[in-house]
Amino acid sequence: MSDGYILQMKNITKTFPGVKALSDVTLEVSEASIHAICGENGAGKSTLMKVLSGVYPYGSYDGEIFFQGKKMAFKNIKDSERAGIVIIHQELTMIPELSVTENIFMGNEILEKGLINWEKERKRTRELLKEVGLHIDPNTIIKNLGVGQQQLVEIAKALSKNVKVLILDEPTSSLNESDSENLLKLMLGLKKQGITCIMISHKLNEIAAVSDYVTVIRDGQTVDGYAVEAGKVDENKIIKAMVGREIENRYPEHTPEIGEVILEVSGWNVEDAKVPGKMLCKNSAFYVRSGEIVGFAGLMGAGRTELMRSLFGKNMGIFRGGEMKIRGRKVRLNSVREAIKNKVAYVPEDRKGLGLNLLDSIRKTVVAANLDAIKTKGLLDFDKERAASEKYRDSLRIKCRDVGVGVNTLSGGNQQKVVLSKWMFTEPDILILDEPTRGIDVGAKYEIYKLIHELADQGKAIILVSSELPELLGMADRIYTIFEGSITGEISAKEANQEMLMKKMTITA
Amino acid sequence: MKAKKAVSLLLATVLAATMLTGCGGGRGTEETDQTDETPDDAGEEKPDDADAEGEESEDEETGETPSAEGGIVGVALPWLGTQNWAEAEVMFKEQLEAAGYEAIIQAADQKVPQQQQQIESMIENGAQVIVVGPVDGSQLGSVLEKAKDAGVYVIGYDRLLENTTGVDGIVQFGSVKTGELQAEALLQGLKEQKGEAPYNIELFGGGPADPNAPNFFTGAMSVLQPLIDDGTLVVVSGQTDFTQCATADWDNSKAQSRMDAILAGNYSDIEIDGVLSPNDGIARAIITSCENAGQPIPVVSGLDAENESVEWVWSGRQYSTVAKPTNALVEETVSIINSLLSGSGMPETDVTANNGMIDVPVYELPPVVVTKDNAKEVFADDPDRLALLKD
Amino acid sequence: MKYVKKVLGEDLRQYTMVVALVALIIIFNIISGGKMITSSNFQNLLSGNAYVLVLALGMLMVIVIGQIDLSVGSVAGFTSMVMAIAARQFNLPWYLAILIALAIGTIAGAWQGFFLSVLGIPGFITTLGGMMIFRGGVIWISNSISVPVPSELKWFGAGYLPEWGPAFTGMNNSTLLLGIIAIAAYVIAQMRKFAHSGDVTGKKEEFWPFAVRIVIVAAVIGYATWLFGSGRPGTSFPIPGLFLMILIILYYLITERTSFGRHVYAVGGNKMAAELSGVNVRRTYFLTMLNMSVLAAVAGILFVGRSTAAGPADGTSWEMDAIASVFIGGAAVSGGVGTVIATMVGGLVMAVLNNGLMLMGVGADKTQVIKGFVLLAAVAFDVYNKKNKG
């Protein structure tokens, strides 16, 4: 019956009131393989995994799940975990104030006469950490770990539960390149031990690197499946299957019209507010011209975001000297408000955490950074507010029923468009975009790229911070590399390639 | 969507309905019987009453004199947390209903805004007389004036109603007299139990927010001060001012800490002979404090004849208390109500007290000192307390 | 249902509490045999609860920024006691005494705001300290004795609008005038809205929903005018109610139509995002706490005016009534959510409940229990609704 498959989901259909989220989806996963699932946001990947892990209990969906040849009827997550299916969510679910050991055995403590046996737990933790290649003290408090390390702890936790199928939901989305690579290696290691991995991912290069099989889901249906041979995958084919159309070029064509220097920064020093003596920015100097898109490449923690936020009204770290000129005029921006007044805008990397008030509607968000623009006689004018939001809804093609709906009802791509609208409404000259396409599906990315080009064509100076080197190479006109707070290189995008950039991002020039 | 909305509405209504039926059972029915006539009565009575305010009694010209039968009387009590107020609630209910009135009795849980609203609701309910045992006698000004404007008589019960023109009379035990009695009982006890003068004593006062408290103290000091001056009595701590001796909110625990501090600071090598205490709760706190400090039990006065203290007096731990029989106070109040609702107006009285705005007629009752010697006589008609006097 | 939505707007849930309020009033009126809906009772309702509703206005903003203020009762008690002492012992005229009360409220608010915004001590702790400090302060400066206030102040807490003009109206003409102004203002606002309705979308809205709204609101205001105005001669729409109305309009404008109001919601919804949008978070915290204490002083003045004396226990547990009103009005404990109007409805639900139960002769003990259940039911209902929305 099982035919070498450890897991078979057959003809799964799941409907929510009014919406068919999954329709007749079939997924077959071979034992000890790495199986990638890709699809646009909202295609149904997460719903499928929730069905598998018992978040949606047996009976709330149609279809059958076979695991190791047996028909399964999970009532909740505990059931599926007991069977050996563990899911690691995109947002990590560990308790930051507790230790690694405590987190790994949370809800699963090793008890003796009703009391926790710490010695045994720590010993086991040490073994598990070794397995995932993490060399830290089991007593380390989670919040002191980096995101990549936390993810490894999550996997260690899964291993502690005797996992047979490990589901990773966009595991590398918040990791930098080296952590991502580390994680992919670990997945290959787990595969050797006979553990099956299901990986949900947008990143086609990762899929090519590790997976054995790819299933593409679109609009709640399985549209395609490919075996990946010897690390090769036809990216265009997958993209076509995902979006239902062929994207000729992932980055739109653009010819820059570069003008005068708008922003010039020199000798910029910022100290970490939490770790005295640690410099976040060391003597940084760079410039951006009008109509130019300048990329900033650097690993997570290299100081890209820190540099940008310190420029944006000293929003991060302690300022330790430096000069900033806008159109040749020296400016001191001591608050975000002053930065906005001086026509600087910053789109943060963490959209939900820093970019949006999820309780607000689209119209309130769009005008949030420039309330003065919608005032009539000192009071906010709802007509002007509505006009502003309608304008961006049209020009950015924000998909929504009404501009009065909450931003929490929008997809990631549309949310990002709303954030961009908010900053476009401040009419900035200098637009800093920190990871503007993170967690956004391919189609929406393309639209945002086009928008960035339009803004550049309007003569704005654009700074693009990104972890994805292909994105920088595809979008930027000029690229700076950052390593440990220092700017280590400046390369014209035409001459740059990934290897060059990576080198400068990992060693001091 | 439609269904959801309907459910929401239904839920809200059911919610509201259950709340009401849940509590409406108690009194709802009896009260609705009389609603028709009462607001009118109150409204029309107003002009008459406006001139009749003050001491003059009202006479025949009152248009439609409500008979003793069928009047509505509101009783607003501060709370039911002490024995005398709890007794008052029961007695008012019994005696008012026995006299044929409908009684609305509400306690305010020591909250001024609550009491204000309760009095207003009594006016709304057509009360013709409202008896007010105030939480704070000076904070009901505008509400009581509203009652006056609506033609309702207001009788202060046990405490003075200050700072308002909307009060027709006060029924209370003479508070200065009470203080005198407390002081005399203290002196008598000292002579009986503590041998020859001089005697070491300490003084305690009641809660400053209660207008009676300074009066008790004044009464007591009128007896004690001459003896302090001639050296018969020695206030060892030197604290003889009311503000020094007062016990905020009549709080027993505050009195006990003050006594602890006084004993620790002044009585390390001498014995305390007597303490003037304004009420029974404070008296017991004082005695407990002395016992804890290893002192012989001093002669301590009291007030209210609380059950616990009656036992203590009987067993000799507390020398005396002063009974202010709630029953007598309620009876007096009800007799005034009878007079008012039979059209005879406020009864005559010689005593008045200025409440800051007007002179209010005061109906004073004499309190009774209780010691071990006379306890059985005093409580002869009070089976509950008599039962406490076991041998 | 479609037509109802056109009149009332898309989000009908916000009317749940209004429906509950109206239902309560009607049910109480039936049970009490018509004693609920009378001129004098409605006057009582407003003058007896204005101080809580005024506090709730400030508390709403405090809760929206994600904080809590436990000190409001004590601040109200303290400021009004200072006012009473200033007037009685230092013989200051009443208006100076009021100014002093407001000034003290401002200082108290600045004090709390300082600890929250500059030192970053959570509002709960800051104001817990304030609660003790100011409560202790009241007892200290008053020696636990109530202090009568000048009779002029009675007007603030228990006064009525003047009687004038023709008698044939059968009403207090000041109240009548107010009602007419209110109706006119609403009609003008609606007509203007209708005239501009097509400006943005290009599609003019239908007229009839505007007409229906105007008729309904005019009828409600008209009835209220008659109810408040037709009481015993000399009574009218009460002065504390008038102050409350002015403050409601003012705070409605502040929360909905000013940058500061937006900032309050932004800080409560996502502090970091607000900061990155140019909101001065510390300033917003500071001003919100400051505002709360000023309103506490106003509440204290209204209450003391009604009581004719400032008492040492004034304000005890008022903060809880204010907080309950805000939450019944649908605000979120985590901040960012809540409106002025809903808070006022929430406060009125509590007030009507209190008033109705008193009219029925239900004791304070049971009333307390019922109010507790209502608070829980209202919030549970809200949470249930929100869950089923997504």
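A, B and C label the chains in the order they appear, each numbered from 1.
Rule of thumb we're sticking to: a residue touches a chain if its C-beta (ideal position, glycine included) is under 8 Å from a C-beta of that chain, and two chains touch if they have at least 3 such contacts.
Keep in mind the model is a prediction, meaning the values are calculated, not measured.
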| item | value |
| --- | --- |
| From chain C, the most remote chain by mean C-alpha position | A |
| Most centrally placed chain - per-chain CA mean versus overall CA mean | C |
| Pair sharing more residue contacts (C-beta pairs) when B-C is set against A-C | B-C |
| Distance from chain B to chain A - Cα centre to Cα centre, in angstrom | 71 |
| Length of the line joining the C-alpha centres of chain B and chain C, rounded to whole Å | 35 |
| Distance between chain centroids, defined by C-alpha means - chain A, chain C (Å) | 44 |
| Two or more partner chains touched - positions in chain A | none |
| Residue ranges of chain C touching chain A (in the complex, touch as defined) | 10, 196, 199-201, 253, 256-259, 262, 265-266, 268-270, 272-280, 336-337 |
| Chain A residues touching chain C - in the complex, by the definition given at the top | 312-313, 315, 335-337, 339-340, 346, 348, 353-360, 364, 368-369, 371-372, 375, 378-380, 383, 386-387, 390, 404, 422 |
| Complex interface listing, chain B residues touching chain C | 1-2, 4-5, 8-9, 11-13, 15-17, 19-20, 22-24, 26-28, 31-32, 35-36, 39, 43, 46, 104, 106-114, 116-118, 120-121, 123-125, 135-143, 145-146, 149-150, 162-164, 207-209, 243, 246, 248-249, 356 |
| Footprint of chain B on chain C - complex, ascending | 1, 12-13, 16, 19-20, 23-24, 27-28, 31-35, 38, 40-41, 44, 48, 51, 139, 143-146, 148, 154, 157-158, 232, 234, 303, 305-309, 311-314, 316-317, 353-355, 357-366, 368, 370, 373-374, 377, 381, 385, 388 |
